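Each chain gets a letter, A, B, C and D, in the order it is written, and its residues are counted from 1.
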Amino acid sequence: MPGDAPVTNRLDAARIEALIDKRFPQIHSGGRTLVIEETGERSARVRLRHHERHMRPGGTVAGTAMFTLADFAVYVAIIATLGEVGLSAVTTNLNINFLAKPEPRDMIADVRLIRLGRRLAVAEVEMRSEGMSDLVAHAIATYALPTRDRQSQRAC
Amino acid sequence: MPGDAPVTNRLDAARIEALIDKRFPQIHSGGRTLVIEETGERSARVRLRHHERHMRPGGTVAGTAMFTLADFAVYVAIIATLGEVGLSAVTTNLNINFLAKPEPRDMIADVRLIRLGRRLAVAEVEMRSEGMSDLVAHAIATYALPTRDRQSQRAC
Amino acid sequence: MPGDAPVTNRLDAARIEALIDKRFPQIHSGGRTLVIEETGERSARVRLRHHERHMRPGGTVAGTAMFTLADFAVYVAIIATLGEVGLSAVTTNLNINFLAKPEPRDMIADVRLIRLGRRLAVAEVEMRSEGMSDLVAHAIATYALPTRDRQSQRAC
Amino acid sequence: MPGDAPVTNRLDAARIEALIDKRFPQIHSGGRTLVIEETGERSARVRLRHHERHMRPGGTVAGTAMFTLADFAVYVAIIATLGEVGLSAVTTNLNINFLAKPEPRDMIADVRLIRLGRRLAVAEVEMRSEGMSDLVAHAIATYALPTRDRQSQRAC
């Protein structure tokens, strides 16, 4: 199993999905639309499936759906990198810019951790309508990481 | 009608709620939890009703629910101040800080427009668990305002 | 001496100014323009003196000068609240909105700590041209606080 | 000269430097430390020369110097892309994350415009100590662009 490799505690997409499903089943209330596509060292790709409940008049995607996509994708990248302990990471800040009107189709988020400190992780998220090169939204998120002495509490 | 007062095009809470319901019925999918409590010149107070679907393990409120509350509350303050034309305003940026674990109860957002320009509005949002004085979250949002020549399109 | 009161390690403006002068003399290179006006529990007021080097064409104040004012004012509020240990706090994020053209005069920054955790402090800064009520800029800053085990290193 | 090509109003580094020097000579007060290295379509690279006045105790670079670098580099990318009219663009928001302690040497900022609308430009800035691959800081900036009818005023 990938997550058991000797030099890393990285987890693969299926394992992360299972862990999150167990911990946060509410994320998928209304129907599963967030799908982990790929994970890597300090990175992840997550898909937001096109769904009626994310749409707004004029055929656009709700800002809330993009916030949720960005926040979830960063969480996935942290767990992919730190392993199961990353499940206790919590968002402390998220700054999102809405850049262009999304297409009425799936949206793809690409995450890159630009800082992975002892206590904080900072990530950048690029969001695009599937198959397009231009960004529709961009986010920077900070997560507080669990510390050894208080992994189950809010971390900072 | 409140919005027709001679020196202002301000609308009251009930009128704004009706306008938004008509334009964005999807906002309330899953059950109505966003309630406009008060509006004023460049300000608004909005309640997020405690609801199962906003909860996360440990009795906390989902970050996504707080993002939605902040974004919606700023939108209400803009419509309250500009009148019906404000319905075409769109979020361009939202920066949210999660400050403390919310209580498992209603949350109140207080919005203040700190800039109302010709093209952009900037607002500050303070979010508290009902009856508490400490902030649980804080947001700054920028909206692009509709311009006379293109009020029905994306504004910038 | 105010800073020695039994139930607090708060320091007064003169004491903080002396501590910062000793630690960061470079802040005042080019001439002293940052002046601590008041400090309180989780708050501070700092003045940026009008100076040729902060000006830009059209009689406006440089964005860089406002960033420096905001960052410095938050630092002062942290030291005012935590005492001398606060000198080791470091900025991790600063988000600034420029709202209106400043007047060519002194600028006043009012800081309020909206979160003071074990590891992070979050502060809000309102900046106004002296004697005016409208904001010219607004900032939210996060500082990493020194921890007991590594107070002299970068904190996160 | 690159800026005179028929299908673009792009300007090269030397021309942009001359234009900015003429308009904002104060930027270089204390000695010229900001140097335009390259410009491209929607991009720029700017160097901050190592200088005593940017240093802070422990051999680190002042946050203010990094803010100035980020803000200036975005401004350069806008002028490089829009031509001389871009000189009237003004910063409306800048969000900066300090990620790691910089080395006591030159710093390089790489800018990419991720949105270039009719009224707003949004840019991402990566900052690194020269010769290093890790980021020391990251910024997202929004500029209001001059409009045809009021190019010499504050744009929004």
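Rule of thumb we're sticking to: a residue touches a chain if its C-beta (ideal position, glycine included) is under 8 Å from a C-beta of that chain, and two chains touch if they have at least 3 such contacts.
This is a predicted model, so every value here is computed, not measured.
Separation of chain B from chain D in touch steps, taking the shortest path, is 1.
Counting C-beta pairs in contact across B-C and across A-C gives the higher total for B-C. Of all residue numbers used where chain A meets chain D, over half belong to both copies. The two sides are thus made of the same residues. In this assembly, the chain whose C-alpha centre lies farthest from chain C is A.
One finds 25 Å separating the Cα centroids of chain C and chain D.
Look at where the CA atoms of chain B average out and do the same for chain C: the two points lie 30 Å apart. With centres taken as mean Cα positions, chain C sits 34 Å from chain A.
Along chain D, residues 92-93, 95, 97, 142 each make contact with two or more other chains. Those residues of chain C lying in contact with chain A across their complex are 92-93, 95, 117-120, 142, 144, 155-156.
Across the complex, chain D is touched by residues 23-24, 26, 29-30, 52-53, 55-57, 62-64, 67-68, 71, 90-98, 101, 154 of chain C. Across the complex, chain D meets chain A through its residues 95, 97, 99-100, 114-115, 122, 124, 135, 138, 140, 142.
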